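Next up: the structures, one after another.
What follows is chain A paired twice: with chain B in the first complex and chain C in the second.
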Partner chain A sequence: MNKGLVELVADVMGLEESEVTGSLSREVDTCWDSLSHLRLITAIEEQYSVRLTMDEIQSMVTLDDVDRILSQYLGAT
Partner chain B sequence: MNLRKVIQRFLVPSSVVTLIYLWKYGCKISPRAEVELSKNLRIGAGTEIGSFTKIKSTDGDLKIGRNVSIGTGCFISADSGGVEIGDFSMISPNVCIVGNSYRYDNLNIPIVKQDKTSKGIVIGTDVWIGVGCAVLDGVSIGNHCIIAPNSVVVQSLPPNTIALGTPAKMIFERR
Partner chain C sequence: MSRSESKKAVTTRNNPNSESELRPFYEWSSVEIDKAFRHVVSEQDTADLKIAWLANHTVEPVSRAATVFADTYGVQIDNLIGPYDQYFQALLEEDSDILAGNPDVIVLWLSLRVLAPALVEGGAELAEVEVSNEIERVCETIGDWVSLGEKNTKAHLIICNFVRPPSLRFGIADTSCSTGEQFIYHETNRRLSEKFISHPRVTVADVNQAVSLAGSESAWNPRMYRLAKIEWDGRAARSIALLLARSFRALVKPARKCIVLDLDNTLWGGVLGEDGPTAIRVAEGDPTGESFAAFQRALKDLRARGILLAICSKNNQEDVEELYITRPEMPLQAEDFSASRVNWESKHENIIAIAEELNIGTDSLVFIDDNPAECELVRQLLPEVKTIQLPDDPADYADLVIGLPDFDKIKLTDEDRQKGAQYAANSVRVVERRSSTDLTSYLESLGTELTIRPAAHSDLTRVHQLFTKTNQFNVTTIRYGTSDIQEFVDSEDCILNIASVSDNFGDLGIVGLYLLRLNGDKAEIDSFILSCRALGRGIETAICNQLKQSVFEDFKSRELSARFAPTAKNRPAANFFDQQGFEHTVASEGGQFDYCLLRQDSSELPAPGIDVTIKENLE
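Entry: the complex of A and B
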């Protein structure tokens, strides 16, 4: 997984980097609430200069989803 | 406080105020809300104001748009700068919107005895303000904003913003 993304998630959700895994889920993990989700999206957009669509934002359920969608943007540039 | 203010604030029963505003503007005010009978207050049709909400407008213009929902226990006060709330906005319970402030630049005079200032507050259309927020004087909140619960809005927010915290800061732009 993208190292920068791990650092971002750890920072936004107040986790240690070792706790950030691809299975981290906003349906299960309490640290990933709706506001954390919005903060994470804003942080990703600022860090990587991308603009995510609402469909993409809503489909990000696990960190693997986030990584996959972000990779599509980064691969396209 | 002059006689007119005393009459407006204390001598008109709230059920009468409810009926007057229903007839005059087509809005629904709970008889248990405390809304002053004032020519400074304009409320759009379809607006609902919940119980135990206090709306104070004898000192300045207060315009509430159409289909606005104001929850229970809110405090909305307009002073010379005025307060505007746009159409379709939702004000959740226990929100304070205070359209004035006090000067505090002279340490030898109690703050309450120093002058009041009022720059006014503008809340756009389709704004959702969460439970327990405070919106302070001089702030403008753009259309379609969402303010998370218990935030204190001290700076203006651009349209489509989701803001959180004390002071409220943008965390996301709606799209």
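Entry: the complex of A and C
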């Protein structure tokens, strides 16, 4: 997973970086509620100068989803 | 970055003052706000202000950033977020968390999208009369809410105005349509400001301006609105948060009262003693001169707001006097300065002398100088003074001084606007007093006229200021809020009288008050306050004479009790009751001094040179 993304998620949600894994999910993990989801989106858009669509924002359920969608914008694999 | 490092990053404070320098809102990123917010909340002990947020959209991006910014200003806030779109219920329902929380401030922030959707989407079809009816309804709704807030809470109410959308529905022709959005938002906001202009407990926050500072095109984020009803996010949220944090700060922290200014390369370009009065740069004609003139005009505006100006410069006094004569086009002239120390003594000593002359604390001063060494000296020796070292380019000076939050007041009163002139007159008084050998004849020469009358509702803002801002001549230093004051004005068991003063030099406005509590044939002085501007002239004695007469003759009381509660600042009032003939009672406790005066022991004391008028009401 994108190293910068791990750092960003840790900062936004107040986690240790070791706690940030691809299986982190907003359906399961209480630290990732609807407001912290939107803070994460804002942080990602500011940090990477991207603009996510509403569909993309809604379809980001696990951190792996976030990483996958973000990497399409960043041109990485 | 590890968690502990990130924590350190947000607590780095490079200003020696208790309050740290706040970076401009546009330099913050969302992640920094998130980190700082968590840190602030985890470090918080007792909140200075409890803020309730009532809105019909999601306010968290703003409330979090406001918490961070207020903390940087040294104000800890505790947020209470009301349920979505239930701003009336929150003030009405018996089990309301908002009412139970007893907030100090309620922020009402409504979006027209929910409050008046007809005006926002599809509004192009509205007729002119429909538009004005909707605007009327919006203003009435907010007026009803404010009445409820004033009745059911003790909170200060902050009403956010409405933000013009980035794209206008009639395109570039919007300004020529009477139903255009330009008209709708301008008219609604204008009416809101007008409606609450003289409500001491209500202020309108210009959120519209805050968003335009951030750039509404980039700030309005329709995705966040559709997904989460977040109207303003990112940069705009931080700009709004800064505006609100300044309001919160102004509600708890007294504004600084005076700017002490260096002269050479601060008020003008060049060195007066070397370049001479005709060569210094302070007028139109060259960019540098224009910038210094603009800085002086900005300072003049601050003076009109009630902030005093003083000079502290290493120069020759005669050179400065010659300059005023040689350069009458210079915006600031001798009479604009309430105090002046032009000599070769050290700046910190001069600054202390200026504070003494103006009868204010050094903690209410801002010192501005271009010289790094002078600034450093003052920072070290007088850390309570806010010291500002000017940047290199004079182009920035005017905006720098106008933008300082240190002078923020939540509302300005007529007294504020006259204050600069009052203090200038006071300086003349000080000078005269020095040349006089007989105090009584000096006091008589002032021609002091004292008027005492009951406080009315229209005095609320000034009375509240006296209760909250007066530190020196304040016997009990009880900081009553506006709702308490309203009760005193209406109550039969309290006498809240105010004193205003004018003299040959000008009008000092309302300078003092006392609050009496009546209980059968006993009366108690709950508060006795006199602004430091009116000290040293026997005015307190003249007011006390009237107080005694009122208590013992009008209300036929037998016994008058009083109390002096010492604080770090109220020494000037320490012997007041002894001087006025009160007796110590044995029951002094907790560091306080209790006094009593019986009717048979009461007598009027001399207050030379003061002509007293007593009125029964405002007229």
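Some notes on this structure:
Just so we're on the same page, the second predicted complex is superposed on the first by the 75 of 77 C-alpha atoms of A that agree within 3 Å, B and C clash if a C-alpha of one lies under 4 Å from a C-alpha of the other, contacts with A are read in each partner's own complex, and residues count from 1 in each chain.
In the analysis below, a residue touches a chain if its C-beta (ideal position, glycine included) is under 8 Å from a C-beta of that chain, and two chains touch if they have at least 3 such contacts.
What you see is a predicted model, and the numbers here were worked out from it, not measured in a lab.
Once the two complexes are laid over each other on the shared chain, residue contacts for A:M54 go to chain B and to chain C alike. Of the two partner chains placed around the shared chain by superposition, chain C is the only one that A:E46 touches, whereas chain B remains out of contact. Counted by residues of chain A touched, the larger count belongs to C, out of chain B and chain C.
With both structures placed on the common chain, the touch criterion links A:L38 to chain B and to chain C. Within the superposed three-chain model, A:L70 lies out of touch with both chain B and chain C [touch as defined at top]. In the superposition on chain A, contact of A:V6 is made with neither chain B nor chain C. Residues 35, 38-39, 41-42, 53-54 of chain A contact both chain B in one complex and chain C in the other. Those residues of chain A lying in contact with chain B across their complex are 35, 38-39, 41-42, 53-54. Contact residues on chain C toward chain A in their complex (touch as defined above): 1-3, 6, 29-31, 34-35, 38, 58, 60-61, 223-224, 226-228, 230, 233-234. Those residues of chain A whose C-beta lies close enough to touch chain C in the complex are 7-8, 10-12, 14, 16-17, 34-35, 38-39, 41-43, 45-47, 52-54, 57-58.
Within the complex, the chain B residues that touch chain A are 148, 162, 164, 170-173, 175.
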